[in-house]
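Have a look at these structures, which come just after this line.
What follows is chain A paired twice: with chain B in the first complex and chain C in the second.
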Partner chain A sequence: MERYELIVVGAGPAGLSAAIEAAKAGMKTVVFDENAKPGGQLFKQIHKFFGSKEHKAKIRGYNIGETLLREAETCGVEVVLNATVAGVYEGRELTVMQGDSIKHFKGDSIVVATGASENMVTFPGWTLPGVIGAGAAQTMMNLHGIKPGSRVLMLGTGNVGLVVSYQLLQAGCEVVALVDASKKIGGYGVHAAKVARTGVPFYLSHTIVAVHGEDCVKGVTIGEVDAAWQVIPGSEKTFDVDTVCLAVGLSPMAQLVKSAGCEMNGIVPAVDAYGATSVPGIYAAGDVSGIEEASSAMIEGRIAGAAAAYQAGYLEKSDFESIVTAHEASLGSLREGMFGPKQRGRVQTVTEEGIVLSQSLLTKGYLDESDLAHFPSIQHGKTGVYPVIECTQNIPCNPCQDACVKGCILIGNDITSLPVINAEATCTGCGMCVASCSGQAIFLVEEKPLESTAYVSFPYEFLPLPEKGDRGIALDRSGAPICDAEITAVRTGKAMDQTHVVTMKVPLDYASTARFFRRR
Partner chain B sequence: MRIKEHPILGATEKGATVTFEFDGKPIQGFEGEPIAVALRAAGVMVHRHTMKEDRPRGIFCAIGRCTDCVMIVDGKPNIRTCVTPLKAGMKVETQYGVTAKKEA
Partner chain C sequence: MNGRIDRSIDLGPYVAAPDDGMIICRCEEVTKGEIRRAVHDGMFTITEIRRYLRTGMGLCQGQTCARLVKQIVAKELDVSPDVLEDAVARAPFRPVPMRVLANEAEGRTR
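What follows is the complex of A and B.
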């Protein structure tokens, strides 16, 4: 039986982070992962992450994954792939299956970072080829370069459903609708808004009645549900699709911790502030101990890795404490805000600042004109170019503040605060805030009353990229065509990391409504 | 179905073009990609039919967990095609229950 000082199960964001922290302190560390590639879900995440600099905000998930892998290699972490941990037994012994062989290992400490699995829902036709999980869609598009289908309906409006819908659009698929049985969109408003402005409709309080097709999906019928979750007769709508994508939540994969005899707290292992379970030497980190974003999983992993190293005598108490204090502060800031664990299940109607939340954003996926006036980051009718920041919920995020060297955008120390425009500063129109905003929620507007025109700049992450001189139609926040538009500039740069800043000329009256562009 | 150029990821890196067999017909795919991806690119949706009710199944999880995508590969049944890399000359067959033939 081979022995390691630390055995980590799962090479996702939490597992790799735990392994890095422990190996850095000097522990002999191995990570087992059942997949052929390490990184967990990180390599399927192609959007810019939220948070602040210390959380690697505005960096795309797959780039964060690459950095973690390099760091693991530098620290001497051994990563064993295609290796499924079948069980954890007395005395922290593990059985690991690799192909047809079974090997036994012993860990002085074990970090279980097995992540989560996708939840399922059933409806007539749910087993037909063409009904897929949201994770499958991401795997196909972002790892293997293939579209899961041509026309897709997405069920679920949590962040996964919203982000994957946007990724489907980026891959060149048509998304016909986002559907959710809930009354309100579950994920970040900024994620919903970037999908809505391309013209994808949201159907809240709707469910799938049936998926049609003999051998594979040919269509889907949805219907509105009443308070008792029953479909209201006559509310059915049918879409012609070849793919139905399910994003109905994640569940912790806690079988291993359970089998190891760890005390459970419902479906998750009971852990202390360091991720230690009730079984001495066994830690849990990441989604297995409660579903959160990858950014939080990485910090939990770091803390658990440091705790294992401290316990094994590889870290001095003072070093351990300073590592943990820093990480806990960082984790704490990610958990604040409207979407934080403390707010789960609560109905919120106003922001931390006391501003009434946009109901339109929560039910249709886009801000209504009438909601905008109350927010401190939305302005109009100014001279010169100015930013309009359509970020109206308390989410843990602040790259916009860092992006503006002119100091136009203020969030302050509390990263969940809404961005505020600094009236003292002057915007130069550089576009860095537009490209840096993880939520693609920042626009630049320049009104030219004498010419009766306005220039609107917006973030763009699709192909083909518009070109200067292209004529087309400006779309409003709901994706509805509103006026003629001509592209006057397309800015691309290394620091913008694939988010292009496109400027279009529109009639002056549309300065505060034109938010996207479609070629004719 | 293949994404020629992705706005964020650029062109997908692929292995050499290889020919394999699907239910006796030659199909091309890229070496090393999951068999299921090569099949999807060729428009194949149905991977197997269930034993009891003869219901079609195809890719569902794409990460080797659900077993909906299993097929007969080089004579071996129950191969998860979403996590099995494609090799030149592979013989891939639709699976009926656990065999390659539709039971009469």
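What follows is the complex of A and C.
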């Protein structure tokens, strides 16, 4: 039996953060993870994170993972991989399977950061090869470099469904449709919009009727559901696909905390503000204690790690309190806004600013022309180059504000506020806001009435990159082709971190509608 | 929580449904019909269903089907799934080959 002052189960964002905080305070800390690679879901997250600077906003998930691993190493955290925690016993003893043997460990404290697993839904054909979880698709693409399929239908429009759909497009798959039984898109509007503008249709109030195929997926039929969730006869539509991705929610992996005897609150352990469960010395952090974003999981981990260190006498009360106060404020700001836990299940019709929310964005995935006038950050008809910020929901995010050195974009201290354009400042057209926006929601427009043309710059994260001089078709927010376009500039830079800023020339009339480009 | 389930309720006769043949627990190949029938046989809790049919006892240890089984049982009993207590979580949380367990018993490892 080996003893550690702190044993962390799970080397994901929450677990690593807890281990770092505890080891920094001086605890002898080990992290066990059943996987061959550390980082949990972080290394699958190739998109830029939301939040503010302290939450590592606009940094891609895998880079955040790298930083965490380095920090863990520096602090002296021992990370043991291919180590499966198989049981928990009296006195915080863990059995861990490593290779061909079971080893016993005792932790003075234990942080459980086991994360969550994907939910499944059933329909005829759901067990056919080709029906996969969205997380599995991400693992294949982003960890192993394997395309999950050629033609994919995604069920679920929460952030996971939206983000993974975009990644499937980036991997070169065709996404034939995004389907959700709910009436409204569940994830961020900006995530939906970047998928919609490539031409992917959304089918809300629809569900999968059946997946077809003998020994693998050959097609899928969806149908519209009525108020009682029954498929309306005659509403069925069939798509020719080889892959069906399910993004229908996550469930905490709580076996360990349950088995340890921790009091449960439904499917999650009951924890106090520091992540302490009802069993002394056992903490829970991250998705296992309630499904949230990785950004929140990292903060919960920090707090739990600090709490364990304080309990063990490694932190003075005042130091512990100041660590917790800072992290709690940071966690609080992430939980604000339309998508925060307090708003779950509530019908919202206006933003915090009192602006009517775009119903088109919530049902079709893109802003309708008629919505544009409501949002002051969506401008048109100005002289010179100007930003158009199509960010219309209260999400915790502010990199756009930090990106503009000219001070053109203002969000203020409340990071869920909508960005507003500072009328006093002058835009130079540098493109940094376009590349920094985690939601790919910022465009630059320059209207040239004398030439009857307009230049529209937009974020671009697909390969191959268009080149200057390329001719093609401009697409509107729904992905519909609207006019001819010619690429006039492609900007790439280290600070842009692989969000390229592409500029196209379109006829003047299309300045406020052309938002994406497709080669002929 | 299980206390809230009335053991004497009359579920009425078992009526076959078109999707009864659909597999719910993939690891142990248990169908929806088998689960529904088990409820009619008097298995009102997840633990009973588990022992009766082996749902959630396979490779994934119920990671995929636990929620699905619960929904089916709840629907059959006409209660909310929240009323049903999950199966007891027990070691091993992940499949452990017998060989590995035997290694420990023989003292081949520390």
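Definition applied: the second predicted complex is superposed on the first by the 520 of 520 C-alpha atoms of A that agree within 3 Å, B and C clash if a C-alpha of one lies under 4 Å from a C-alpha of the other, contacts with A are read in each partner's own complex, and residues count from 1 in each chain.
Just so we're on the same page, a residue touches a chain if its C-beta (ideal position, glycine included) is under 8 Å from a C-beta of that chain, and two chains touch if they have at least 3 such contacts.
Worth saying up front: this structure is predicted, and the values here are computed from it rather than measured.
**Student:** Do chain B and chain C fit side by side on chain A in the superposed arrangement, or is it a clash?
**Tutor:** When both complexes are placed onto chain A, chain B and chain C end up side by side without any clash.
**Student:** Of the two partner chains, chain B (first) and chain C (second), which one does A:Thr127 touch, if any: first, second, both, or neither?
**Tutor:** A:Thr127 sits against chain B and chain C alike.
**Student:** Just to be sure I read the superposition right, which of the two partners does A:Val88 touch: chain B = first, chain C = second, or both, or neither?
**Tutor:** second
**Student:** Determine, under the contact definition given at the top, whether A:Asp108 touches first (chain B), second (chain C), both, or neither.
**Tutor:** neither
**Student:** In the superposed arrangement, which partner chain does A:Ser117 touch: chain B (first), chain C (second), both, or neither?
**Tutor:** both
**Student:** Looking at the overlay, what does A:Glu54 touch: chain B (first), chain C (second), both, or neither?
**Tutor:** Neither: A:Glu54 stays clear of chain B and chain C.
**Student:** Give one of first, second, both or neither to describe whether A:Gly135 is in contact with chain B, with chain C, with both, or with none.
**Tutor:** So A:Gly135 only meets chain B here.
**Student:** Is A:Lys258 contacted by the first partner chain B, the second partner chain C, both or neither?
**Tutor:** So A:Lys258 only meets chain C here.
**Student:** What is the contact status of A:Asp100 with respect to chain B (first) and chain C (second): first, second, both, or neither?
**Tutor:** The answer is second: A:Asp100 touches chain C but not chain B.
**Student:** In the superposition on the shared chain, how near does any CA atom of chain B get to one of chain C? Answer in angstrom.
**Tutor:** Here the least C-alpha separation of chain B and chain C stands at 5 Å.
**Student:** Residues of chain A that sit at the chain B interface in one complex and at the chain C interface in the other, please.
**Tutor:** 34, 117, 127
**Student:** Using the touch definition up top, name the residues of chain C that touch chain A in the complex.
**Tutor:** 19, 22-24, 26, 32, 61, 63-68, 82, 86, 88-94, 96, 99-101, 103-104, 108-110
**Student:** Can you list the residues on chain A that touch chain C in the complex?
**Tutor:** For chain A paired with chain C, touching residues are 34, 84-89, 95, 97, 100-103, 117, 119-122, 124, 126-127, 251, 253-256, 258-259, 266-267.
**Student:** Where on chain B is chain A touching in the complex?
**Tutor:** My answer: residues 1-3, 5-9, 11-12, 14, 33-34, 37, 40-41, 45-47, 55-65, 68, 82-83.
**Student:** Which of the residues in chain A end up touching chain B in this complex?
**Tutor:** Against chain B, chain A makes touches at 34-36, 46, 60, 62, 117-118, 127-133, 135-136, 139-142, 144-148, 150, 170-172, 215-216, 461-463, 465, 498.
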